[in-house]
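Below, chain A partners chain B and then partners chain C, in two separate complexes.
And now, the complex of A and B:
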């Protein structure tokens, strides 16, 4: 029973990090059709921004979060304005362009902050663990889980319940008609890209205390995030959540039975088989467009 | 109200519309006629700024709008009901109509009472999805969406095409009412010559991307129709 509970929590914990990282990507890919290979670098920027704020201003992690969101969102906005917006009619080229942007960001950070690993401290009140039915659960992992759920709620609200979200959904479904009703689609896309980047930055800030912070840390995250979005189905927020849980649980389960490396390989294999038979993902947005 | 002077409009490098001039006085209906593929829809898209490139002048209320992007033209008071209607399938009827109100410069977001008056069906089914409606209902919805912008000029591209006959007359009556009772200036692309004579004060005949004839609807003779519209 204890083992089951602790495995369940490990799965949820891995899933919540996956969800955090994938959420921004799901928005950008789902709404704009842009395959943003620099997404992992925005996660990395978020982690470094947290380290910078912590080491220079002595800020603890929690007060950093809002600033980090704004900083990385601004970086995303700049990338959209200078590179991505010229490529909406050439989706394949966005892959190459954002990959290039990612490499430049990586090298820029390596030059500015050095190639050494950096460490971000877990905030004091969250450094212990909580006893839940006999199982010791690290408080910080619990916090990440709650934060991921909250961000999901905020994202859902922004997309489904605000005027900005309605404009975004309109532009996604029919860009031409949307502009004929007075929607500035260029502005909507810039803000969406900034929002997705900001979410990636928050993910970076939150994983910084549990993973090492290095210039090339984004590479693994972008692979994970794409896996989540592809399995979940493009354009489905619910699918992103479900597939984060599924992949997190799968990884945790296999890792418990076998080992970490084999677990990763088996999850990959599972994803490949799934995509072979269900290329649209588990929960693709359906219905007439 | 709406003027075009020497407008040439391009898709890629091919000029689909050549040297078109027109003028729609405030409160008038201008009908655009011609065979399929002569540039009627391109004319509408040019007014909205949706073609790749256009030269010449387009004026609204004496103000040059040629350099304005599409969403600004919508905010300045031009509403567009495109061919194929452009309904957002996954939006509800309410969302589709409210979408039109994004073009209102005063920032008001509401469904105008006129919409409920003209289209009671839409008012009673605000939560149905746009994609589930019939062609005629979608056409009503597209007109409702345009009205939500509180526009000064309404562009209607073949509003009765592909619609069941019993609704065609209803939509025609609504167009006439929008013009005569509510003072809307309308540009109407239409193949039905009888309806053109009934609804509009002016006409513009297009042939191969150029203006073949234009003027008062009284001057739209059977001979003109025969020469430029029979296949």
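And now, the complex of A and C:
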């Protein structure tokens, strides 16, 4: 029972990190059809921004979060304005161009902050662990889980209940028609890209205390996040949540039975089979594109 | 997309192959030869990608799978040749000793033979690609989803090789390799012999690719690349053609990986990593995805520039490379080859225009 519970929590915990990273990607891919391979680098930027704020201003993690969101969102906005906006009609080319952006961001950070690993401190009140039905659970992991859920709520609210979200949905469904009704679709896309990047930055800030911070940390995140978005189904927030849970749980389960490396290999193998039989994802939003 | 064949289109290929085969008669510095041989191997990998991506529209982000399998096949053979030196006991490679294996696994046994290793480097990647291709293309998976499946396949292969430490050397890979030997020739990676091997492989596959893409099957492939529906409506068995291109491309990547392992004298899981696979995409895109030769030249140019930069400048190189790549993708989708083609077309067009004008000046005058 204890083992089951702790495995369940490990799965949830992996899933929540996946969700954090994938959320921004899901928004950008779902709404704009842009496959952003620089997403991992935005996560990395978020982690470095946190490290910078912490080491220079002495801020603890929590007050950093809002600033980090703004900083990385600004970076995302700049990338959209300078590169991505040229490629809306060529989705495959966005893969390539954003990979180029990723290389540049990685190297820029390596030049500015050095190639050494950096460490971000866990905020004090969250460094302990909580006893839950006989299982010790690190409270920071619990916090990440809660934060991921909250962020999901915020994203849902932004997309479904705000004026910006309404415009975004209109542009997603039919860009020309939306433009005809006076929606500035270029601006909507810029802001969406910035929002998605900001979410990636937040993910970076939150994973920074758990994982080591290095310039090339993004590469693994982006592949994982991609798989989550594709399995979940493009344009479906619920799908993204479900598939983060599924992949997180799968990874934790296989890791318990075998080992971490094989677990990831098996999960990826599962993704291949799934994409083959259901390329639209498990929970595809219908009636789009 | 390149236009339909003309004899003149063979000319650049012949010139290029002649040029790379002539290099050892000019360059004698062994380190330079070694460097050039490495660039040619990477050029072959980029040409392989152009074959599936540029011609057939299969964006393979997992080109590292074929490349890595080829590299490991050769590395296994070369390791077996050298291991008694390093371990002394029953010819067991050192990492197997560290992992407490007491005898050589059965699938390592045939790699005592150099011919078997060569065959494996060519056929194994093709087999894996054929299986994956058959699995994907039967379901008419295309575009972005091919990219995702191949990316996932790359991750799976990489993780498996890292995980099976006792059989593959894990994260370190297979190191301390001997030199390849065949027909009494020893291919020291710093010798002209090895350079000729590398250049010969590249020339052979470029010519093969050229002939293949100009054949009827190649025509169908290019048709698939520019629009799948029409090909289907004409009743072609599209999946088979896609499998063919995908496997041939993997085979070429396997040979490239084999040469790469020989030139670097090791094989590691980074050979089947995401960064190198996407780098191959960059090279092909810079050189021109629609042209085998273009992609090859792209790989050689990018790697050559990178290799000739001093250590201090190397830091900013990645920045320049990223920027260059973005510029190429946004403004020059057909790469250097596309640029050369359109320049050539404009020049010949102007020449033709001049000829027409001088031939019929009165007609022009009359119109005026």
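Quick notes on this one:
Note that the second predicted complex is superposed on the first by the 286 of 289 C-alpha atoms of A that agree within 3 Å, B and C clash if a C-alpha of one lies under 4 Å from a C-alpha of the other, contacts with A are read in each partner's own complex, and residues count from 1 in each chain.
Throughout what follows, a contact is a pair of C-beta atoms (placed from the backbone, for glycine too) under 8 Å apart; a residue touches a chain by one contact, two chains touch by 3 or more.
Note that this is a predicted model, so its numbers are computed, not measured.
Once the two complexes are laid over each other on the shared chain, residue contacts for A:63 go to neither chain B nor chain C. In the superposed model, A:167 lies in contact with chain B only, and not with chain C. Look at A:92: by the touch rule set out above, it reaches chain C but stays clear of chain B. Of the two partner chains placed around the shared chain by superposition, chain C is the only one that A:108 touches, whereas chain B remains out of contact. In the superposition on chain A, A:125 makes contact with neither chain B nor chain C. Counting residues of chain A touched by each partner, chain B versus chain C, the larger count belongs to C.
No residue of chain A lies at the contact with chain B in one complex and also at the contact with chain C in the other.
Chain C meets chain A in the complex at residues 59, 61, 135-136, 139, 141, 143-145, 147-149, 151-153, 155-156, 159-160, 162-163, 274-275, 278, 281-282, 285, 315-316, 318-319, 321-326, 329-330, 333. The touching residues of chain A, counted against chain B in their complex, run 163, 166-167, 169-170, 173-174, 176-185, 285, 287-289. Per the touch definition, chain A reaches chain C in the complex via residues 35, 37, 83, 86-87, 90-93, 95-97, 99-104, 106-108, 110-111, 219, 223, 226-227, 230, 259, 261-262, 264-265, 268-269, 271-272, 275-277, 279. On the side of chain B, the complex with chain A involves touching residues 48, 50, 69-71, 74-75, 79-80, 82, 86, 88-91, 95, 98-100, 102-104, 109, 129, 131, 145, 149.
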